[in-house]
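Look for chain A in each of the two complexes below; its partner is chain B in the first and chain C in the second.
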Partner chain A sequence: MIQSQKSETPSMKRHMGMKASSRISNTASYVVLVLISVIWLIPFVCILLQSFRCESTHQVGYIIPQKWGLDNYRNLFNTNFPRWYTNTLITALFAAVFQTIIVLCMSYTLSRFRFKMRKPLMQFMLILGMFPGMLSMIILYQVLKDLGMTQANSVPGLILVYIASSGMGYYVSKGFFDTISKSLDEAARIDGATRFQVLMKIILPLSKPIVIYTVLTAFMGPWGDFVFARYISFNVSAGMNAAVGLYGWLSQDQISKNYTMFCAGGVLVAVPVTILFMCLQRYYVEGVTGGAVKG
Partner chain B sequence: MKKLLSVLLALAMVLSMTAGAFAASLEGTYQLTIWVAEEIKDLTAQQIEAFNSSNEYGITIAANIEAVSEADAATSMITDVEAGADIFCFAQDQFARLVQAGALSSLGKQAAEIVRTSNDAGVVAAATSGDTLYAYPLTSDNGYFLYYDKSVIPEDHVDSMEAIIADCEAAQKYFAFEMGTSAWYNAAFFFATGCVSEWVTDDDGSFISVHDTFNSPEGLIAVKGMKKLVDSPFHLSSSDGASFASNAAAVVTGIWAYTTIESILGDNMGVTDLPSFEVDGVSYHLGSYNGCKLMGVKPQTDPVKGAAIHRLAQYLTGEACQMERFDARAWGPSNLAAQGSPAVQANPGLVALYTQNAYSVPQGQIHGSWWDIAKVIADDVKNATDEAGLQQALDNYYEKISSLFTMSDDEKTSWGVIGTCNSVDGFFYTDYNNESRSNWAEDIPMTADGSVWTTEPWLMEAGCEFKVRQGKSWDNAFPADNFKVEETGTYRVRFDADTCEVSLIPAE
Partner chain C sequence: MANVKLTGVKKIYDNKVVAVHDFDLEIQDKEFVVFVGPSGCGKSTTLRMIAGLEEISEGTLQIDGEVVNDLQPKDRDIAMVFQNYALYPHMTVYDNIAFSLRLKKMPEDEVYQKVTNAAEILGITEYLTRKPRALSGGQRQRVAIGRAIVRNPKVFLMDEPLSNLDAKLRNQMRAEIILLREKLNTTFVYVTHDQTEAMTLGDRIVIMKDGYIMQVGSPEQVFDTPRNLFVATFIGSPQMNLFSASLVRSGADSYSVRYQNITVPLDSDRCALLKENGVGSMDKVILGVRPEHMTCCFGGEGNAVHSTITVNEMMGSELHLHVAAGNDRNIIVRIPTIELDHERRSALVHGSPLDFTFSSKVIQLFDPETEQSLLWK
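Then we have the complex of A and B:
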C-alpha cells in the first residue's frame, strides 16, 4: 500500500485514501463502541422497562412490557419506600457535607502546615487505611447498639459511621492542593489574611473540581451502601435505607408480588445520582486526574 | 411505737408483693416486636387486635410488627438475640440453630400438650429437640409437588417422569426441577427408593449422630433416576414458579408459587403429586420433604411477660388464626381440625401436596452442613459418565457426612466392630437387635483391658464378616481381609492392640 502510494498516487489522491481509511477505522471503532455500550446498558434498560410493566408483577421471560403504565411507581408510595428513600437521602447529604469539610480541612493542613508529627501521621493513616473496614463491623454494631443508634434510630448511627474515618481519605485532594503555588498563600498572608481565609478565599476557589469530586464520592458511599446499613437497621423497616428495604422485596415469598415495584424503586434510587453526575461530570474527571499530577 | 409501725408497714409491703406474685396475674400491657412475613403482616395486626379484646387474662399487646422473611429471621436472631423480635416466624430447617443459640424459649407443659394433640405429627417433630417442644407450628405446607402446563403435557403422562421429559423435549420447553442448587429438592430421588437420612439431636439442639443410607444400592438406583433427569437438555435447575413465563412446561415447587403460576397459565395449570421414574424396569414414586413454618418465642428476662407472649403465640397458631391465614393467603394449616375443613380440602394445590405427603418424609432436625453436602450430588451425577462415576458421587457424599461429627479423644482412640454380623435376621447383639440397621453402618463398642479390647458376647452366624476399626474410621482397621465367622455361635470379639490380632472367644 505504502509502496503504491509512493510510486503512482499524486498527493490529492493520497489525501482521499487517508480519508477513506480513517472513515473505515472510525466506523469500526464506532461499531465496537456501540456494541460495548449495548452490552453495558442492557441491565439498566431492562430494569427501566420492567418498572413500567403493568400486566404482571413477577419475573417474566421478555423485556418489552405488554401494558405500559406508572402503576409500580404509584404503588411505591403505599409502601415504606418513601421512608427508606428519605433515610438514604438524609444519611447521604449529612455524610457528604461533613465528610467534605473534614477531608478538605485535613488535606489543607497536611499540604500547607509543617509540624512535627506530620510525616508519621500520614504514614500511620496510610497503614490504618489498609485495614479492611468491614472487619470492624461487628464491634461498631455493638457500640452503636449501646448508644441506641441501631434499628429504628439507625440514621444518626450510619451518619456517624460514614463520617468517622473520613479524614483518612485526604490523598487526592492533598495532591491537588500541593499543585497550587505556595506563593499565593504567602502573598495573602502578607496582606493580613488568616490561615482560614487563605483556605476559603484562595485555595477553595482554585480547586473547584476537587471539592466537587469530594462531595460526590462522599455522597455516593452512603447512597449505595448495603452491608452496613442492613446490619445496623436490623430488620426494622423504619431504619432501613433504600437498598436494604428494596432487597427485602426479593425474598422468596415476596418476589413474585413485588418484582416490578423493586425495579421502579431501583430507577428512583438511580435518578438523583445520574442527574448529579450529568451536571458535575466535567469537574469529576478533572478532580480524579487533577490530584494525580504534582506541579 | 415508731419501730413497730415500720415493721408492720414493711410486713404489709412484703405480703402485698408475694400475694401479687402468687396470683401471677398476666394482666397488663406488653410492648413487643413481632417478625412475620410481609404477606401476613396486616392480618397478624388484626389477629393481635382480636386477641387483645378476647383473651381471658386481661393481656393487652402493643405490638410492633416488622416484615421479615422466614428465611432471614433465624440468621438475624442468632446475630443478636437481644435485639431480635420477641415473636418470630422461621422455616423449620433453622430450628436446631436457634435452639443452640438460645433464641427459643421452651413451651410450658400445658401448652406443649395442646400443641402435640392438635397438630400433625410431622410438625410436632420439627419443633421438638430431645423431648422438649420449642416452637409453635404455624403451617404444614412446606413441601413440593408438580405444576404443569396442560397444553403441553397430557394428564395421563404426569405420573411418569420419563413421559414428562419426553413431552418437554418434544415441545422444546423446560422441565424445572431444582437439583444442583438444593438438597431439599434433589433428595426426592433418594426418598423414592427408600433411602433415609435421619439426624439425632439432644435437648440442647446439638447433633449427636446420623443414620444415613444414601450411599447404598438403593441410593445408586436413585442417582440413576436423577441422571435421566439432569442429562436432559430441557432440564432446568430451578424452583421458580415464574419459569412458566419463560418457556417451562413443568415446575416442581411449593404452594407459595400457586397464585403466580395460576396467573401465568390460567386454565392450563395442572397440579398433581410428583411423578415416578423407572430404573431397571422398576418404578419408583418420587418422594419429597414435607416441612413447616414455626413460630418461636424469644426467652424473656421477665417471666410474666414471657408467659403473656406465650399465650399470644398459642393464640396466633391456633385453629382460628390458621384458617384465617389459609383464607387470606392459602397457607396450609398444621392444625388437624383446620386441615380437615372442607375449604382446605377444596384447594387443588393443597390437595396435591397432601397426596404427595403419602410419599414424603417429615423434615426433622437436619444438620446445617448437610444441605451443602447433599446438593453437590446432583452436579456429580451430571458429570458422571458411568456407574462407577455415580457410585463415586455417593462415596464423596458419605465421606463428607462422616466427617461432620468430630469425636472426643476417647472416641477417636477406642476400637469397635463393624460388619454384616450385626444385622442378619435372628441375630442380635444386646443393644443391636434392631434389624433395620444397615450392614457396615454402625460400630459395636469394645471395652479395653490394658491393650486388649473385647465386646459383649452375641450370636453370630457362620459366614458373616466384620472388621475391627479405630475411631469409626478406616485408617486403622483389622484384619486386612474381613474376619469371617466360620461356625455359628455366641462369641465375644477380642482385639489385641499390640499385635493387631483379631479373634473370637466363645462365650461361657
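Then we have the complex of A and C:
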C-alpha cells in the first residue's frame, strides 16, 4: 500500500504541476484577450455614448454624456441620412443577391465541370485579382457616366460594379464544393435530376455555411464601401451611400454641429451588420474553415 | 428488363490515355454480369459509360436495342449503386429513396407506397425517418439499393457496392444481393475487384486487364479453363501455382509434362486439345496447378516432387503450406484439415520435408512467351 502510494506521488505531482501551469497559461491568455477586446471596443463604445449626448453637438473631451437623449437620432430624419441609408441598403441587398447567385454558380461550374479553358480561366482570374481594384476606377467612372449611372443615379451604377466582378470571388465556395463527393451529383443525375436540380436540391442544402458566408461577404462589401461610392456619387447628396454622406459631416465647417449626429448615424449603420453577424457567426466561421478541414 | 450491347466501345481521356479498348459484350436480359479485374483495368470506367457518367469515345452502347450513347443518365432507365453509397446526407432515408420518384412528379401516396415497399424488401422500414449518418455501413448500403430498386430500372449497375463493408457484413450482403436478384429478376452489371464476389454472384464474369477483356465466361469456365496466365492467376484464392516445366510429345496423340524429377502423362482430353492447337514438344512451358489440386504424398510415393515447408498457415478448415522445391520458392499446397490426423498435422511445420504431385486432369499449360493457354479451344 505504502509502496503504491510512493509510486503514485511523482505522477500525481506531475499532474498537479501540469494543472497549475495550464491554469496560469489560460489566465494569461484571458487577460491578454480581454485587454485586446477592450482596446478594440473603445471606439465603438465612444461612438455609441456620443450618439446619446444631447448637451452639445461638437466634439468634447469626455466620453460619458452629461445629458442623455435620442435627439441625435431624431434629428437624423431631418437630414439626407434616410436617403443615404436607403441607397446603401438597396445597393447592398441587390449586390448580395446577385453576387451570391453568380459566385455559387461560378464555384459549382469550376468545381464540377471539366472544360478546355477551365484552368487558364482560373489562373487568369487569380492574376487579375492581384491588381488593385482602384486601377479600374477611372475607366469604370467613364463607362458609368456614359450610361448615366453616376451622381444622383449612382445606385444602379454601384450595383452593377459590385456584381460585375463578383465571379472572381469563387475560391472559398469552390473549395467547399470540392469537398462534397462527386458521387452525390452522379447519383442525383442518375435519379433523374438536371445539373441545376443537383445544385439546388443536393449541393446547396449541403453548403449552408458557404451560402451564408457568401451572402454576408457580398452584403458587407457595398454596405461599408466608401472609396468607390464617393467617387461615383461625385458630391451629389442624392447619390451618396451612408458612409460617404456621414463622412461629409466630418468636414471642418460641419463637424461642430453634426458630430453627435454622425455618431448616431454610425450606430444605425452598424446595427444591422452586428445583428446579422451575431445570428450567423457560427455559419460564417464554418464557411471560412469548412473547406480546409472537411475530408 | 433489357439487354445491353456494347460494340467496339472505347474510352480515351483528354490526356490521350486509353482506359478501355474495343469492348465488345452482349449482356442478355435478366443476366447477372460481373466485371472483375485489378485497379485501373477499366471495369468501373466501362460501367460508368453504361450509366452515362462517362462519355463513350468510340463504339456504340445499346440498351434494349436503342443506341443510348448520347442519352443523359436519367434517360437511360438505369439505376446505380455506388461504392461509397452516395446517400444524400441532408435527407432522411425516406427522402433519399423517394428522391427519384419525386423528380418524376409522382403523386405522394404512390411515392409512399413504393418507398415503404422497397424498405420492407430490404428490412429498413424502422430507419425511414433517420438521416444516413445515423446508420451503419450495411444499413446505408441497403438504403442505396433501396434507392435503386424503387425506380424499377431496366438495368441495375453496381460499382463495388460491398468494398466499404467489413468481411462479415460483406458475406451477408453478398447473400442478400443474390436473394434480391431473384426477387427483382432484372439485368445486373456488377463491378468488383474481389474474385470471390465475382465467382459467387455472376452468371457470367468479364475479366479485364489494362482496358482489355481477358476472358468472358461462366464462373466454372474461367476457373477450369482460363484463357491465359492472367485469368489463371487472378481467379482462385490462393492463386494458381506456376512452374517452369517442359512438354514432351511422344507419338502422335500422347503428351507428358516434365517437372523436376517427375513426369506426368496428360489425359486424353488435354492431349486432343494440344494436338488440335498444333502444339509440339516444348522445352519451356508454364505449368499451372491450383493449390487445392496438389496432392501430398505422405507415404513416400516414387513419382513426387520433393520440397521443404517454409510457412505453415492454419486457416481452420484447411491448412495452407508454402513450400520450396528447387528454384520454385512460393508454392502453395492446400490441405483440408479433416484429412490430417493430429500426428501428421503436427509434423507439417517449418523446415520439414513434403512430397507432392498432381493429376494431369487438373493442370493448365501456358506458352511462356504469349502467356496464352495451350489448352484453349
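Just so we're on the same page, the second predicted complex is superposed on the first by the 263 of 295 C-alpha atoms of A that agree within 3 Å, B and C clash if a C-alpha of one lies under 4 Å from a C-alpha of the other, contacts with A are read in each partner's own complex, and residues count from 1 in each chain.
The rule is short, and it goes like this: contacts are C-beta pairs under 8 Å (C-beta built on N, C-alpha and C of every residue); 3 or more make two chains touch, one makes a residue touch a chain.
Values in this document were obtained by computation on a predicted structure and should not be read as measured data.
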item	value
Joint occupancy of chain A by chain B and chain C, clash or fit	fit
First, second, both or neither for A:187, with chain B first and chain C second	second
A:37 touches, of chain B and chain C: first, second, both or neither?	neither
Touching partner for A:205 - first (chain B), second (chain C), both, neither	second
First (chain B), second (chain C), both or neither touched by A:236	first
Partner chain in contact with A:256 - chain B first, chain C second, else both or neither	first
Which superposed partner A:21 touches (first chain B, second chain C, both, neither)	neither
Overlay on shared chain A, then closest C-alpha pair between chain B and chain C (Å)	53
Intersection of the chain A residues that touch chain B with those that touch chain C	none
Chain A - residues contacting chain C, complex	114, 181, 183-184, 186-194, 197, 201-202, 205-206
In the complex, chain A residues that touch chain B	56, 58-61, 141, 145, 150-151, 231, 234-237, 248, 251-254, 256-257
Chain B residues touching chain A - in the complex, by the definition given at the top	35, 37-39, 66-73, 76, 79-80, 83, 85, 240-242, 245-247, 256-257, 259-260, 263-264
Residues on chain C engaged by chain A in the complex (per definition of touch)	14, 51-53, 72-74, 78-80, 82-84, 86-90, 99-100, 103-104, 147, 151
